[in-house]
Every structure is written in C-alpha cells, then in structure tokens.
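A single structure is presented below for examination.
Read from first to last, the chains carry the letters A, B, C, D, E and F; within each, the first residue is number 1.
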Amino acid sequence: MAGDELTHFDSAGAAHMVDIAAKPETPRMARARAKVVMAPATLERIEAGSMGKGDVLGVARLGGIAGAKQASVAIPLCHPVRLTAVEVAFELDASLPGVIVEATVSAVDRTGPEMEAMCAASSAALTIYDMCKAIDRSMTITDLCLLEKRGGKSGHWTRPPQ
Amino acid sequence: MAGDELTHFDSAGAAHMVDIAAKPETPRMARARAKVVMAPATLERIEAGSMGKGDVLGVARLGGIAGAKQASVAIPLCHPVRLTAVEVAFELDASLPGVIVEATVSAVDRTGPEMEAMCAASSAALTIYDMCKAIDRSMTITDLCLLEKRGGKSGHWTRPPQ
Amino acid sequence: MAGDELTHFDSAGAAHMVDIAAKPETPRMARARAKVVMAPATLERIEAGSMGKGDVLGVARLGGIAGAKQASVAIPLCHPVRLTAVEVAFELDASLPGVIVEATVSAVDRTGPEMEAMCAASSAALTIYDMCKAIDRSMTITDLCLLEKRGGKSGHWTRPPQ
Amino acid sequence: MAGDELTHFDSAGAAHMVDIAAKPETPRMARARAKVVMAPATLERIEAGSMGKGDVLGVARLGGIAGAKQASVAIPLCHPVRLTAVEVAFELDASLPGVIVEATVSAVDRTGPEMEAMCAASSAALTIYDMCKAIDRSMTITDLCLLEKRGGKSGHWTRPPQ
Amino acid sequence: MAGDELTHFDSAGAAHMVDIAAKPETPRMARARAKVVMAPATLERIEAGSMGKGDVLGVARLGGIAGAKQASVAIPLCHPVRLTAVEVAFELDASLPGVIVEATVSAVDRTGPEMEAMCAASSAALTIYDMCKAIDRSMTITDLCLLEKRGGKSGHWTRPPQ
Amino acid sequence: MAGDELTHFDSAGAAHMVDIAAKPETPRMARARAKVVMAPATLERIEAGSMGKGDVLGVARLGGIAGAKQASVAIPLCHPVRLTAVEVAFELDASLPGVIVEATVSAVDRTGPEMEAMCAASSAALTIYDMCKAIDRSMTITDLCLLEKRGGKSGHWTRPPQ
C-alpha cells in the first residue's frame, strides 16, 4: 500500500484538486493495460482489417490518444498534465480471445500521468467496443490496471504479481 | 451476434461516422456496468466516506456523468447523442472486494447511448481509481460491459448469461 | 416557490442528470442578467473602445456565447441543450458605475436554456473582468440572476420585483 | 489602480492573447468569492443535504473545479494556465440568507490564475443555482470578485475594503 | 449571391448566434473540399503508407471527423449542429502534386452543416500537414471551399464553375 | 526538406504522439497565413464593418485564438502546447479580392506551436467564411501555409519563395 490517506480530500473531508505546486517538475511515465474479450469471429475480423482496410486498431489507437488528452475533463479531480508522449499498442490474443491494449504515457510535470495512461487504455478499448458492437455486443473490457509508473517521490513501481 | 458487418467502415474499408439520418428519432436507453476490484482496506475507506466526508462515490458519480457527456470527444467515430438522463449507481461488494458501478443513460435520438453508458461506467470507475490510487495503486477495473439496451431497430437486448 | 423537490437527486439522495425524455420538445427561452460594477475610469475606457478599437464589449459578447455553449461542461448535472439562438447585450450605466449584461438564449428541446442564459451572462461579465483587470482588479460581478423564461410545463415566468 | 492600459489589445486596438513568454514561471495564487442569495427554505434544504444525501455543495464543489479547468475555453483571451491546486469552500450564512463560495486556485506559470479562481467561484455558484432552481428560481449570484492574489511582478494584492 | 445581409449581426451591428428556432428540422447535407499541395517525395511517402503502416490518411480521416465535431467550439457564432454522418475521402493527385480532401457531412437540424464540412476538410488537411511537416514544412493548403449543400430554405446549391 | 522520416509513426508504422520529453523547454514561435478569396462586394461589406458595427474581423480574430487553443483536440497527434501569445492580424486586399489572415503564436515548450499557428489562421479564415456565407457561399480559403518558425533544434526557418 502506497500510503494511508485519500489525498483528494482535505482534512474536513471535502474533495479538492490536490496541491502539487511544491513538487519538482520532473519526467514521469505511466503504463496501463486493458483487455477486450470478444467472440472468436470478432477477433478474426479485427485481424483481417489490420492491413489498412477496416482497420479497427488504427482507429482505436487514436481513440486512446484522445482519451489521454481528455483525462482531466472526464475525471473530476485529475490535474491537466503536460503530456510529452502517448503510445498505444495492441496484441491480438487468440486465447482470450481478444485484444490486449497497452498505453504508455510520459509527461514532464509535478504529478504523473497515471490517469492519462488509464484513460488512454480505457478509451482505446472502448473504441474497439464501439467499432465492433454491431457484430458482438457482448464484448467485455477487463483487467484495466496500471502496470508501471516512474518518476516522482514514490519512484519506480511495477504492478506486483496477483 | 447482432449482424455481420463492421458498420464503421465504408465499402472501401475507410472509417466514417455512420449515417443515421434515415433512422427515426426515438427514445433509447443503455445500461452498462464496471467492477472496481480493490484491497479490503480500500473498500472500507470508501464505505467510511459514504456519509458526506471523503465521499469517493459522490465524486465518482459526477465523473460518470462527465464521461457520458464526453463520449463523442474520446471515441473517434461516436455520434454526439442527445442525452435525456444519466444515472450512476454503486454497490459495495465485500466479496469482490470492491465497488460495482452501474450507469444508465437514456436519449432521444437516431442512435442509442450505448457508448455513453459504457463511457459513464468507465469514467466513474476511473474516478474511483484516481481517488484511491494513493492508497491502492493495484486496483483493477474489470467486467466493463453493456448489460441492456432498449429502442431502435434492434429493440430490446439484454446481455446473455456468460 | 416553483416546487418542493431538488430534482437533481434521486429518492436515495444521489445526484443524477434528471430524466427529461418524457417531456415534449418545444421552443424555450431564458433571459439572464449580470452587472459588472467598476471604477468610473474603467467604464470610460470601455465606452471609449466601443467604436472598434479596444472593443471590450465585442470580445465579451463572444465570451458570453462561448459560455452558453460550454454550460454542460462546467455545470455537472446540466443537460446539453440544443441552442437555437444566443444574444448578449450590454448597457453602460454611469450610476453603477458599470456595465449591465443581458443574455437571451433560446432552444428547442425537452428542457429550457436557463443555465445557458446564466452561463452566458456570467461568461460575458467574466470576460469584461478579464480584459479590464489590469486597470481595475476590484471590479465586482453582481446581481447575476434569471429575469425571464418561457416554454415547458412551468410556462412563462418573470422575476418578481425584489 | 494596477496600471493604465488594457493589455488585451495591441497598439492598433486589436484583441490578442497577451504575450507572457518573457515572464518567469513562478508559483502564483488567486482567491475569489461569490455569494448565492436565496430563500431561507432553500438554504435549509442545502443545509439538510450536507450529510451525503442530496448534497448540493458536494456537486457544486466539483462544478467549481470544472469551471477552473474550462476558464480558457469560456473566456476568449484567457491563457491556458497550469493549475497546481483548486479548492472550493462554502459557508452557509443565514443572514444573507445563502451560501458564500470561496475558490482558491494555485498555478506555476507565467501568468496568474485570477480568471481560473473567478470562473471556479462562478461555476460553483451557478451549480448551486442549477440544483436549486426547481424550488427557488429567483436566487441571485452576487459579490463575485477577486479577494487576493499572490505571485508575479505585481506581487501580493488583497482586495481593499469597499 | 445568396442574400444581401450579414445575418450574424443584429440590426445594431452586434454579433449574435442567429435565431433558427422557427426553421423546420430537416435533413441537410454539405460537402467541402481542400487540397494539400506538397513536394512529390511527400506524396510518395503518403502513398507508400496507405497499406496500414505509416497510414497518414487514416489518421487524417479521423482528424477530419474530430474537426466536424469541434466546429462550434472553434467558430464563435456557429451553432452546435446534430450530425448524422461524416465522411472524409482522399484522392492522391500527382499533378498537384498532393492530396485532395473531400468531406461530406449530414445533419438533421434547423441549420445546415456547412461549417462542419468546412472544418472537417480543414482539419483533415491540417492533420496531413502535421504528420508530414517533419519532411516538408512548405506544404500549402489551398482551394478550401464548399462544393455543395442540400436542404433548408435555400435548397440545393452547387458551387458554380470558377 | 527538413528530415526524412514521418516522426508520427513508430518503427512498426503505428501512429503515436511523438516523445518530446528529452527536448529542452525553450521559447518558440510560429507564424502562418491564409487568404480568403471572395466577391468584391463581400470585401466591401467587411471593410464597412471594421468600425465596430458588423465587425466580421473582430469576430474572426477571436475565432483564430479559439482555433489555436483547440489545436490538440482537432489534430489527433498534436501535443497540447503551452501558449504564451496569440496574435491574429488581417489585411484587406482588393486585388485578391479578399482578406489575408496572419496568425503568430508563441509558446514555451518542448515542441513548437506550428500547428497552433496553422489552426489559428484556419479558424480565423473559417470564421470569415461563416459570417459572410449568407451573402457569398463561394468564398475560397487558399494559401494556408507556415511562413516562419523560431526555436527548437531546427532553429529559424522561413518559407522559401515558391
């Protein structure tokens, strides 16, 4: 456990945007993942489209980047963070069956881009859902979590094995 | 399976915002769910805050509503939809342990608010993550899926038992 | 008093975006006002600029229109409303001394543009503040209120004399 | 009076976003206030809801934070500012009768968060209006003003007694 | 010439968002075009990427759709319009040399999506510029114009030969 | 030619937001231009309005500034950039006939405001189109290009004579 206080509330229990002014502006990174579980036929369609026509993942990648940019609008107490890079990668996994999304976001700021990475993974996964829901409405997004973060006072963290 | 085409691409395979002009404007509804799995101590904190001080779920509810409003900005091919209601409900579940988020969105439009419901559930869950990550960075969002939709040509649909 | 319930909460006290699906889509209008009280010299500057150079009110008018468009982003439970017109008018009043802002917004929707009119008046007034704060940081925005609304079940309402 | 020029216009009188590149990036702060005057019964409702059910002020606090984030969208010549903290506090005042909103915003940037603080106070007050207008449409927002600012070339300023 | 008045100003010359409440809600369409003129080598790169790797046009298509959605934020007096479809098509033209962008937008509303089509063509062209500027900073966007519109009182219009 | 790689794709050809974390934060500037070609009568109307009533260019200037602020929302891979100044200037040119738009944007960041300048020029030109389309639907935006940039590793660049 990283600490013992919900920092998004002040001492009276009121929500606030946490004060980060005293923290140094440093390079920071966060990496998040989501899995989109789907019918085997849906995965085949996505795979068939990866060569430029009907390219679900090409659209989902931009959905992920848009999600990173919108994080502070959708998440009430999230700071706007100065993004320096956003990468969204996909792995097709027949054993799910489905797509594994991995979003890596870096920033130079006084707080880290954990929420931007989580929002990027989430938006990329939701974009896959949006594009394939006409053929597979039961798709499920699962295992959305932070895998790693670097920078800031708490330093390097990797998700412990579950 | 609801159909056999990825409607978000034209016949040449290019992505587009699907033409819905010919569909009738009717009342539509969608309901989505997400689960936030967390450490037992984190769930206790959330439960302790439900009486107005340190109210994680009160903030997350508004995060969900903000997510519904932002759906068409974060999801590239999603239409802006005329929302008529957004509800975000939470259930604390000690057996997860964690929080079950359920978002119900209604609209009167030519397409349904499925993506708005999915984005609302996702944003509410991500807001819980944001507010509790200082004490539990390993929380996982799981089982984000559509539970039900009503209205439109495809009518009433409920998620089949998995 | 227009009613006796805070409609933005459900029966359990949870905030939600109120369900308006059952209401008819009709033409609606709302008119709001704000006053910006300032030093006499500031008012003179604004008056001097009204001929196209240093036109504070020309910028503030667009600030008001932008505020109407952004209402549902800044106000958590406000519905996005289909605007059909936005007018922002100014009156220079030497007796305040200051500027009286009046915003008139119309919409065809299932709920009225009261918040859009209030946000338009507020944003126009804040834009005046922004542009003149370098010479008069003590300006005050006062008497921001709804003057009139038309349409919907509650019909025509005008602010009673105070 | 802090100066004698409307800096938001160039020498030809054209509006522009003021050049701040030459200013040092330093910690800055601004604090603004608004009062929401209402019927005594409305204030009682708000007070009754402060324990977590029907929590008007909990929603209004997030409306204020959203308003701070949206300042540069709603105010035409306002710079996007790097926010480092946003606090929105409320005081129930039976003598108004009504609610006093106080928003404190800090930033590390080349210009200060005065407009963000003013927009936060305004949005929080407008959110109170939105949530209570069903029972009290005549509520008035008044005395919206800057109380204090710190940082930057002009240094510390507090609103002089009126 | 379609008329003789600048409808975006009232009789006193003040800018406003034009009142469209009295117009019928009907299907409307607009089609706009832009050309991106570039070095022959840049066009070759774009052509080489059209098979899914380094797909400039796939990204630009989504830039165009994002531009259509953002029209009413970037254009001060533009109404938010209810989009029902957005298509962005590209033609590689060795004789320019460059890319011809064509955006077709439809809506069911009281005003037409002319600005949405113009903004879609512009954003798609600007996205091409953004992605290729590292190899060809001198690219020029030219001939951005409306080609056709349908619906509304003024009916069908096609751009006359120049 | 400034380089030989499309930096917006990784080595596998996937689009990403380019990593700029290692670049120094320095003052940067970009200047872009667009021309709006129109009927002579349209230009006369614009000229007649420049004295404060029916001021097309006053509105277009703010459209340009809004466009600069929205660049990273409309352009998928564009970084949010810290703007320090935005200027939009107009020249009426009877020989076009039309209006020449010039937008100058500065920023202190790890990447330059080229896209913000291009988007500002584009939005200002599109706003002119929006306001005058009721009298001249055939207006064309042409010659939208970067004129100059300063700062960053590639230093000072001016558009070579064509």
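Simple rule for what comes next: contacts are C-beta pairs under 8 Å (C-beta built on N, C-alpha and C of every residue); 3 or more make two chains touch, one makes a residue touch a chain.
By chain, with names taken from UniProt: A, B, C, D, E, F = Cyclic pyranopterin monophosphate synthase.
Note that the coordinates shown come from a computational prediction; the quantities given were computed from them, not determined experimentally.
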Chains touching chain A and chain E alike, please list them.
-> B, F
Where the contacts of chain C and chain E overlap, which chains show up?
-> B, F
Write down the chain pair with more C-beta contact pairs when A-B is set against A-F.
-> A-B
Greatest centre-to-centre gap (Cα means) from chain C is with chain A
At the chain A/chain D interface, shared numbers over all numbers used: above half (same) or below half (different)?
-> different
Please identify which chain has its centre, taken as the mean of its CA atoms, farthest from the centre of chain D.
-> E
Where chain B and chain C are represented by their mean Cα positions, the distance between them in whole Å = 31
So what's the Cα centroid distance for chain B and chain F, whole Å?
-> 37
Numbers and ranges of chain B residues touching at least 2 other chains = 14-15, 52, 55, 58-59, 62, 66, 73, 76-77, 80, 82
Touching pairs of chains, which are they?
-> A-B, A-D, A-E, A-F, B-C, B-D, B-E, C-D, C-E, C-F, D-F, E-F
Chain D contact footprint on chain A (complex, rising order) = 10, 14-21, 25, 72-73, 76-77, 79-80, 82, 110
Name, in rising order, each residue of chain F that touches chain D in their complex.
-> 27, 58, 61-62, 65-66, 68-69, 80, 82-89, 106-108
Chain B contacts chain A in the complex at 1-9, 12-15, 34, 39, 41, 45, 49, 52-56, 58-59, 62-63, 66-67, 70, 73-78, 114-115, 118-119, 122-123, 125-127, 129-146, 149, 157, 159-160, 162
Please name which positions on chain E make contact with chain A in the complex.
-> 50-52, 55, 58-59, 62, 66
